[in-house]
Amino acid sequence: MSFMYEKLLGGKNGTVGFVLLATLILVVFPLALDGFRLNLVAKYLTYAFPAISLVLLWGYGGTLSLGQGIFFGLGGYGMAMFLKLEASSPENTAIQSTPGIPDFMDWNQLTALPWFWEPFNSFTFTLLAILIIPSVFAYLIGVAMFKRRVGGVYFAIITQVVSLILTVLIVGQQGYTGGINGITDLRTLHGWDITSDFAKNLFYFITCFLLLAVILMSRFILTSKFGRLLLAMRDKEDRVRFSGYDVANFKIFIFCFSAMISAIGGAMFTLSVGFMSPSFVGIVPSIEMVIFAAVGGRLSLIGAVYGCLLINFGKTAFSESFPELWLFLMGGLFIAVVMFFPNGLAGLWEDHSHHIKKRLGFITSLFSKNDTAAVAPKLEGSN
Amino acid sequence: MGGYTSSELMAIFAMQGFAGISLFSVLLLMALGLAIIFGQMGVINMAHGEFMAAGAYTTYLLSTVTETYFPGFMPYYFLVAIVAAFFVAAALGYLAEWALIRHLYKRPLDTLLATWGLSLIMQQAYRSIFGAREVSPALPDWLMGSYQPTDMIDIPLNGMFVLALTLLITGGVFYLMFKSSWGLKVRATTQNRVMSGAVGINTKKVDRLTFALGCGIAGVAGAAFTTIASTGPTTGTLYIVDTFMVVVFGGAASLLGTIASAFSIAQAQSILEFFISGSMAKVFTLLTLVVILMFKPEGLFASKVRR
Amino acid sequence: MQDRSHNRGAADSPKGSWVRRSLRAAIAAPLAGLMLASQATYAGVNTTGLAVTDDTVTVGILHSLTGTMAISETGAQEAEKLAIKQINESGGVLGRQIKIIQEDGASDWPTFAEKSRKLLVNDKVAAVFGCWTSASRKAALPVFEKENGLLYYPTFYEGLEQSKNVIYTGQEATQQILDGLNWVAKEKGAKTFYLIGSDYIWPRTSMKIARKHIENVLGGKVVGEEYKPLGDTQFGSVINKIRLKKPDVIYAAVVGGSNVAWFKQLKAAGITGDKQTLLTISVTEDEVLGIGGENLEGFYSIMKYFQSQDNPNNEAFVKAFKEMWGDDSVIGDVTQAAYLGPWLWKAAVERAGSFDIDKVVAESEKGDIELTTAPEGYVKLHKNHHLWSKARVGKWKKDGQVEVVYESELIEPDPFPAGYQ
Amino acid sequence: MMSANTDFTLAVEELTVSFDGFKAVDNLNFYLDKNELHVVIGPNGAGKTTVLDLICGKTKSTSGSIKFMNKELTKLSEHEIVRAGVGRKFQTPSIYENLTVFENLEVSYPRGRGVFGSLMFKRDAEVENKILEIAKEIMLDHMLETEAALLSHGQKQWLEIGMLLIQDPQLLMLDEPVAGMSVKEREQTAELLNKISAGRSVLVIEHDMEFVAQIAHKVTVLHQGKILASGDMDTVQKDPKVIEVYLGH
């Protein structure tokens, strides 16, 4: 148990933050929000997966990836391919020239299912593919880049280009991918209606549990020697190398892990929203994921979740009332976070928590520190 | 290519070559400003495309004003517009450096995020001021039409104009960076900020002017760009990644590298497009670049330095 | 201007922070019992809990106000508001004034799905007028089918779809394409065609239909088929290919920002209306604002509606539109189609005597709802949820308007055209 | 080119590296015995740091051979060279400022060097004892929980030496270990170096001649990438070429 407590929850402070988040998403939201809003929150929470992956990769590892959309997209598309095949049974698609293949293939004059779609008939394969394909892809990019010590700015730009390539490819090869419309009209999973309210609620809770599990796994990594090495590499990469570590391997591992997390988010996105499109793969969503992490606090796993929720609630609220102002606000937020609050919400919380403590007395004995407290002194000098 | 006469093929060859050169001048013009800002200063300016759009909108504004108030001046306004585009974009750049960039020189990844924020703000500003619709300035007649050396060859005049402008600006940048005393200061500052400060160079001023110069050139690119396409609030985002690829591929610190890289990318893209679809041409070009960069991360033309 | 503010007021009133609204909902719950009593008075026109009261009915408008599609979708939502204003002025629908809740799709497909769900589930609107791109419709469609909503979709599109919950007021691909091709083959004696479009579903499907028609019906030849990535602005290579192939007709479906670059570069390369026949299915008066009339002069568009169409319906429509939205506004094909939506809905509702979606759809599916007042001329709703409409070919003039050079008979909509798939 | 095996801990033979034609190290031959504390001196730009870079793999040689206990290093990557038993301290103290002294030493502890090893690494008694032992040696045992950023400049230098010592290298290379230290700290460092050179070879780059005299068993003078003189301190100091180079500047 003490292993659990120290390694996964991060001691008392970490536990409090974790329990607060769990309470918020597992109890408060489901009680306070109607089905429609809860489904929205599910969508927001799926973005928290890539945001958390960026905390690991960028906040701790010092490697900024502008390509997390790639992995989010791969995970999402994997799930969408399975669901689309199920939705394209010969009975459902009898009207097509070639029944039994997805509608967009038929429109693009394909007459048979492409070979790489075949395995997605199996749900087991799909689940494995969602985890493995993005990791392998990240591994290839990682080996090519990190073994050659490409890092920093160049890594950011190259991952951005890769996400552009993938978008152009998906849009251009619409017979195989559904093109710019994406893969839409997903209805059932093993014959079970995924659009029902019950299904949506279930997906919400699955997303929550997966998210909490991902946070615990990330905690485990960060509290291990690996975590200290990540920080060490970020600040003095040469020293780590000349202490006998193969730095590239560590970066590759964390990149693959972050890819896998993002892909899980993508898969849950497809289930919650009911479709997948190239607009979640490209440059803009990838950068938005970075801002979720930055707003939450780039060194706070839990902060990333709050960052996601805050920005997306803001986006929805603002786009309903002041659509013109939204981009100004978003842009201003980017700049403000970089220039004035490099530690994001987690940093603000840290700075002001003792004021709150004075006022709230008793309650703050629980609230005074969240998980970021442990790493807060390490925030300086990040990039 | 059966069934065509040799003169037809020659004509196509010539025009196809020019299509590549035309793309080259566009890429180069956009990349030059970035090569200065990113290559010399190490600042990742994700808002570079928006500074370009600033130049394009300036041109549009001038064309509208001229058309309404000084119709007689129409044939010449475009030349004025290029100069104006430079100064408007440069002034915006000067402001951005002062407000934003100067605080972030030591944090390159953070400049990336901050300038992305800046680009969002600029896009929305364009949308609020000029509307969401794409606009397109009326061009003087001498920019329209084409030059026909033979019956079959048509070389677009606007393409030639952009090419000439590109050569002019490139020459200017080279002179400024490598022949003038100001260029010496810029290079000194970027190589060793502390030392340059110590020998009496006002490094703050140099930084600000260099950034403004880079943005100004982006503005000129924007003005030139109105001759071939339209301008919308998000026009800039279409080119930013390509532009970065040109600079990175060429080797960030090398202006010659930028030129060579713009040329090879443009020709590759343009030739590929003749044989395969546009999307696949783009995918292949970018993929090749990424693969080459993985093997030669410092870019094609970077000199070997002691690290 | 007064009406405009009225509309905006109607649209704004249900807004506010969602938190506040949730709270309000919580407070409202105990009152629901009381409200049941009042529902009885209009139970006849609404048995499914839609947002209908004794004197109002609420509908949704869902277009992109922000993002890249805002340019195109502005006209459509303006036309829908004009139609609703006119309906209200003439006494409303079943004696009820129409209230609008407007949502922004933000050019983002999932947002369309999200906002559709909001309009249907939270706001319980009786109908939604909205969507523009196929992608946004595809994203929203499962929501409409799931929540049994009703969407009036205004854009000409690729067809291959017929949902119980959607009324398509634009033309499907065959309605736009076939007659135009017949015309150009007959009028210009065209035998060879070069097809070029942006790379997505609508141009590809349209080109597929065009190619089959050219090859199988007209006995012509397609000498080239080309797709450019969305937003691409470099057409040099394509133009060179066109020169090499020397087609009788360039058949184009290039959209968005690419459109401007495409026509500018054509003109710069000396390919102009007096030397080359070019037929496009993607340029309306809206696009011309960006492209510039001088770059299009002499080229042809096929649409079902042009602003310069000469009939009394259109004259009144153009006048009303400019009164409401300003003298500078132009009206394109989709704008007109969007204007039809509220009128078709009103007609169906009044014949059904109810706002219930199922009843309204059932009336619409009878295939005999007509509009004699449509700006494009007489239209009729087909059983298959699409409109009977005419195809028109317009020749562009320098001022950005067309001269209509051809008008077909009413064409039956056929979203799943046999022999063209 | 294959060079014969030797008894030397380190044998550098015909080592050359050029940067765009400029030869920073030119045909260098250099040997280091067990238990030897060898100091390399020379004017700025003589190529001293480059030699260390070449040995520890930071810079790749153009030609020549570096043999460490008869193992060719020029083909190995940095971490392999470290694992072979070569430790290197940088000119400016290179420690993890955000970690405590204890954590700095722990991160350098030569176990759990692989990805999964580091994930499963446990802080057991063996680790703690070793860290304590090293901390004592570098005079920081009273500051184990202090964040490294708060150490004095001299203490940082020691900490970095300690981070090398914990790996028990056969060859220890120190680039200007006393730069910026107080007189007292220098003395303590000299003592430390003399203590740790037992059982291993130590290669030091230093400017401070007084300090060099205190510690060096053998001195090599480098000039323009070549060896100018080599031998004990007295011989070297009297060498006319050396005097010329140092005074001629």
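Here the chain labels run A, B, C and D in written order, and each chain numbers its own residues starting at 1.
Everything that follows uses one rule, which is that a residue touches a chain if its C-beta (ideal position, glycine included) is under 8 Å from a C-beta of that chain, and two chains touch if they have at least 3 such contacts.
What you are looking at is a predicted structure, and each value in this text was computed from that prediction instead of being measured.
Asks: Measuring from the mean of all protein Cα atoms shown, which chain centre lies nearest?
Replies: Of the chains present, the most centrally placed is A.
Asks: Using C-alpha centres only, name the chain that sits farthest from chain D.
Replies: Most remote chain from chain D, centroid-wise, comes out as C.
Asks: Hey, how far is the Cα centre of chain A from the one of chain B, in Å?
Replies: Roughly 34 Å separates the two chain centres.
Asks: Between chain B and chain D, tell me the centre distance in angstrom, where each centre is the average of that chain's C-alpha atoms.
Replies: 48
Asks: From the mean C-alpha coordinate of chain A to that of chain C, what's the distance rounded to whole Å?
Replies: Chain A and chain C have C-alpha centres separated by 36 Å.
Asks: Where the centres are mean C-alpha positions, what is the separation of chain A from chain D, in Å?
Replies: It comes to 44 Å between the two C-alpha centres.
Asks: Please list all residues of chain D that touch 2 or more other chains.
Replies: Within chain D, no residue contacts more than one other chain.
Asks: Where in chain B do residues touch two or more other chains at once?
Replies: Correct list: 127, 277-279, 282.
Asks: Send over the residues of chain C in touch with two or more other chains.
Replies: 66, 199, 227, 229
Asks: Name, in rising order, each residue of chain A that touches chain D in their complex.
Replies: 220-221, 224-226, 228-229, 231-232, 235-236, 238-247, 249-250, 253, 377-378, 380-381
Asks: For chain B, which residues are in contact with chain C within the complex?
Replies: On the chain B side, the touching residues are 4, 8, 11-12, 15-16, 18-20, 22-23, 26, 127, 132-136, 138, 144-146, 148, 152, 154, 156-159, 227-230, 232, 234-235, 238, 269-271, 273-274, 277-279, 282.
Asks: For chain A, which residues count as touching chain B in their complex?
Replies: Counting only chain A, the residues touching chain B are 58, 64, 144-145, 148-150, 152-154, 156-158, 160-162, 164-165, 168-169, 171-173, 283, 287, 290-291, 294, 324, 327-328, 330-335, 337-339, 342, 383.
Asks: Of all residues in chain C, which touch chain A in the complex?
Replies: Against chain A, the touching part of chain C is residues 15-18, 22, 25, 65-66, 103-104, 106, 108-111, 113-114, 117-118, 121-122, 134-135, 138-139, 141-142, 146, 158, 160, 199-201, 204-205, 208, 227, 229-230, 416, 421.
Asks: For chain A, which residues are in contact with chain C within the complex?
Replies: Against chain C, chain A makes touches at 32-37, 39-40, 43, 95-97, 103-104, 106-109, 168, 171-172, 174, 179-182, 184-187, 195, 273-275, 277, 279, 316-317, 319-321, 323-324, 326-327.
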